[in-house]
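So that you can tell them apart, the chains are marked A, B and C in the order they are listed, and the count of residues begins at 1 in each.
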Amino acid sequence: MTVRKSTAWLLLLVLPAGFAGIWRLQRKVNVERDAMYQEQDEVLVRSPKLMKLVTLEYATLAADIYWTRAVQYYGNKHLGEEMNLESLWPLLDVATTLDPNLLPAYRFGATFLSQPQPRGAGRPDLAVQLLERGLNANPTYWRLNQDLGNVYYLELKDYGKAGQTYLEGSKKPGAAPWMKVMAARFLEKGDSRETATMLWSELLDSSTDDAIKETARINLELLRADEDVDQINALAQRFIAKTGRPPTSIGEMAQAGLIGGEPLDPTGHPYVIGLDGKARVSSKSPLFKEKSVYRRPL
Amino acid sequence: MTAAIETQNLTKQYPHGFLHLKRKTSLENLTMQVEDGEVFGFLGPNGAGKSTTIKLLMGIIFPTAGSAQILGKPVSDVSMHQDIGYLPEQPYFYDYLTAAEVLDYFARFHGFRAAERKERVQKMLRKVGLETAGKIQLRKFSKGMLQRVGLAQAIVHDPKLLILDEPMSGLDPVGRREVRDIILELKNAGKTILFSTHILSDAETLCDRVGVIAGGQLRGVGAPGSIVGVKSLGMEIIFELTGSGAQIEKVRAKATKFGANYRMSVSEAELYAALEELRGASATIISVTQIKPTLEDFFMELVGKDRAQAAAVEVSGQ
Amino acid sequence: MSRVLIVARNTFREAVRDRVLYNLVFFALLMIASAVIVGQVSMDIETIVMVSLGLSAISLIGLLIAVFTGVGLVSKEIDKRTLHAVLARPLRRWEFLLGKFTGLVLTLTVNTAAMAAGLFLAMWSVKHSLVRGDAVALVAVYFILLKLMLVVALAMMFSCFTSPLLAILFTGGLYVAGLFVAQLRSLQLTQMSAHTQKFFSILSYLLPNFENYDVMGAAAHGRAISRSLVLHNTLYTALYCAIVLSVAAVIFSRKDLK
């Protein structure tokens, strides 16, 4: 009987003491593991073909995980900050290979792969590749045509292809009526700020993705600013005609009665005149860093 | 002097039946001693409690009540296994080992050094008649061969005390003879031996004392002769009878055929009268022997009683 | 102590003769196949692919051995009654358990080391050179071994009081649960009281956390693993195994055998 008692005592000591130790150690391990995975590259395996091999029937699940990680990492908060755009393409590539019907991934990629730095990866070619895969796998989804057309129009300046794909999309079930209209515009008018504005407005309205909406907003602001700058420059020409020299500031132009008040850009910062006598967005404005693709070469 | 093995009220009950509410008693209040240097036989029918007792002694199962000591130490003290050899019933050993490897493995626990181990293993294999089978894996062994290995591993470390559970089972007559000889040899070397069996003739020839267990209880302990009592059951006369005649036919009528001869049982008092009668019939006396009750008779009576009792117990649902 | 080692040595011998180590052949084939496949995929990711694949295989094979053989360590001996003659020796029951545990861990160590060697050989044959970062895979293999030790301990404990099948299921189940234990901590179901949440939080610390051992990401990319993590994981494993084996010893020491 004493043997049993001593073993019972042993347990009464071993178990609590043991688990107390386990608790302590687990906490330490948690800290160390968190530290280790701080700067983790989000992509474990970059080759889509192999990933498919490895994940087998869990492909769709794996795709969702990849996609979720992408959204977390590149989501709203990271816009404007230093984004690790290198990993964006492999992530989207793997995600859409594993699950070719992952529509949000295509739309996301369309916007952020194609846009120039710092907003995007500056790789419209990859965006095209991604969207073509998407269209292959989802032939009735007309929005992918919209996205593809946008890339051709906005970044690659291929108005012909842009119009073509918008036209194809307009024929698909449930397509918005303006798809046809826009197709016509692309094919007729080619490069046009108005068209671009329409494209971005449509995206802003229809997209459910916050990051895409944000980008659309910025682009619309840039287009507005471009418009404003053009108008100010036109007025500047009149100043030259009047005074024989380019203006040195907005104030001058206002004094000369050519401009009423201080025009502000869409972010509320006043425009300035550069050393070359041309108007531009103030360096204090957030739009200053952004590259607008519709700045007319002056 | 303390006995080699002692038990006091050793009891074992198992939970039984639906939801383990009932208890089945397989051993009840066993109190006995095995003296130093004696050969003690545990006798009883199957399920009587022999194996249960032995397993309790070896620490394979634990008592519900009571206690037991071997060589002065409680059975829970495993260190005393150093001086004990145990042969389980239906022994089974690691079948991926050879006979030599098994013996070597077991010998290691007793602290022998490599050279001595090797020597002992060889000696043991010779002793149980397996010296040619030392390198064969046990999975290829017959039951009889396994039994021999079992005996070998029980004595490889030269223990003071041996506990053997059905040592003769699975052996042919030659094998049984060999085991009997080994046991006698060990006895002469001064070892204490406890073995269980239901082969009565073995018990009668080998044991100093015998304990009879039936139904979980100890029914009697003593020398094989004393248990059944010295009460003689009469005399048996075996004789040859030829010829015919009234006298001869009379005798023939009383006797039973016994091979080519005849047999007649009479009480001791009637012996001489019967002999006279046979002389009158010109019979040739071949033998006159005393009929003693055997262990078997005692056994059968006991078992019969038990069965009747057990039936009664079942009905009452105890 | 030496009695424990006697049992351990025999357990190792049993595993070898039971042809457990034949799994290495399967693993070798797998490594060859993967080296061939990887050769067809683009450069720079060979390490990632091979390490991921290799570690997954080492882990999976190791787990199968740990669970099935681990459960059998005790239950096979009880069923076949080989235990009786062993316990007739001057050997305590807990020494027997510890010896069996040590023997299987030894087998797994040899097995895992062989597989790790095979992995590095395969990597070398594909890349034709090994860099410092590849050594992280060794740490990952060590962690896998730690994980297997804990699984063996659990398998032995369960097999001491349930049937072999149940023991396998419980051990496997506890392993899978242990992968997600960390999630328990942040479990937020609706209408959960603070007490229930605290309970789950405590449970998340007490249950064996097998996610601790997963460093495949770091190994695949050659990122260093901190020494303190190695130390703490080792201590965690040692302590948890001690707890589990103590429980097993107590149960086994009072168990009536057949």
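In the analysis below, a residue touches a chain if its C-beta (ideal position, glycine included) is under 8 Å from a C-beta of that chain, and two chains touch if they have at least 3 such contacts.
Remember, predicted model here, so these are calculated numbers, not experimental data.
Asker: Looking at which chains touch, is this a line, ring, star, complete or other?
Answerer: Its topology is that of a line.
Asker: More C-beta pairs touching across which pair, A-C or B-C?
Answerer: When B-C is set beside A-C, the one with more contacts is A-C.
Asker: Need the CA-centroid distance for the pair chain A / chain B, whole Å please.
Answerer: Here chain A and chain B have centroids separated by 91 Å.
Asker: Taking the mean of the CA coordinates per chain, how far is chain A from chain C in Å?
Answerer: Their C-alpha centroids are separated by 44 Å.
Asker: Measuring from the mean C-alpha position of chain B to the mean C-alpha position of chain C, what distance in angstrom results?
Answerer: Taking the mean C-alpha position of each chain, the two centres sit 49 Å apart.
Asker: Could you list which residues of chain B touch at least two other chains?
Answerer: none
Asker: Which positions in chain A are in touch with at least two other chains?
Answerer: 3, in rising order.
Asker: Where in chain C do residues touch two or more other chains at once?
Answerer: Residues 254 of chain C each touch two or more of the other chains.
Asker: Which chain C residues qualify as touching chain B in the complex?
Answerer: Of all residues in chain C, those touching chain B are 3, 6, 10, 13-14, 17-18, 80-82, 84-92, 254, 256-257.
Asker: Inside the complex, what are the residues of chain C that reach chain A?
Answerer: Touching chain A: residues 37-38, 41-42, 45, 48-49, 52-53, 182, 205-206, 209, 212, 215-218, 220-221, 223, 225-226, 228-229, 232-233, 235-236, 239-240, 242-243, 246-247, 250, 253-254 of chain C.
Asker: For the complex, give me every residue of chain A touching chain C.
Answerer: Touching chain C: residues 3-4, 7, 10-11, 14-15, 18-19, 21-23, 25-30, 32-33, 35-37, 40-41, 44-47, 49-50, 53-54 of chain A.
Asker: In their complex, what parts of chain B are in touch with chain C?
Answerer: Contacts found on chain B: 55, 58-62, 78-82, 84-86, 88, 90-94, 96-97, 105-106, 108-110, 150, 153-154.
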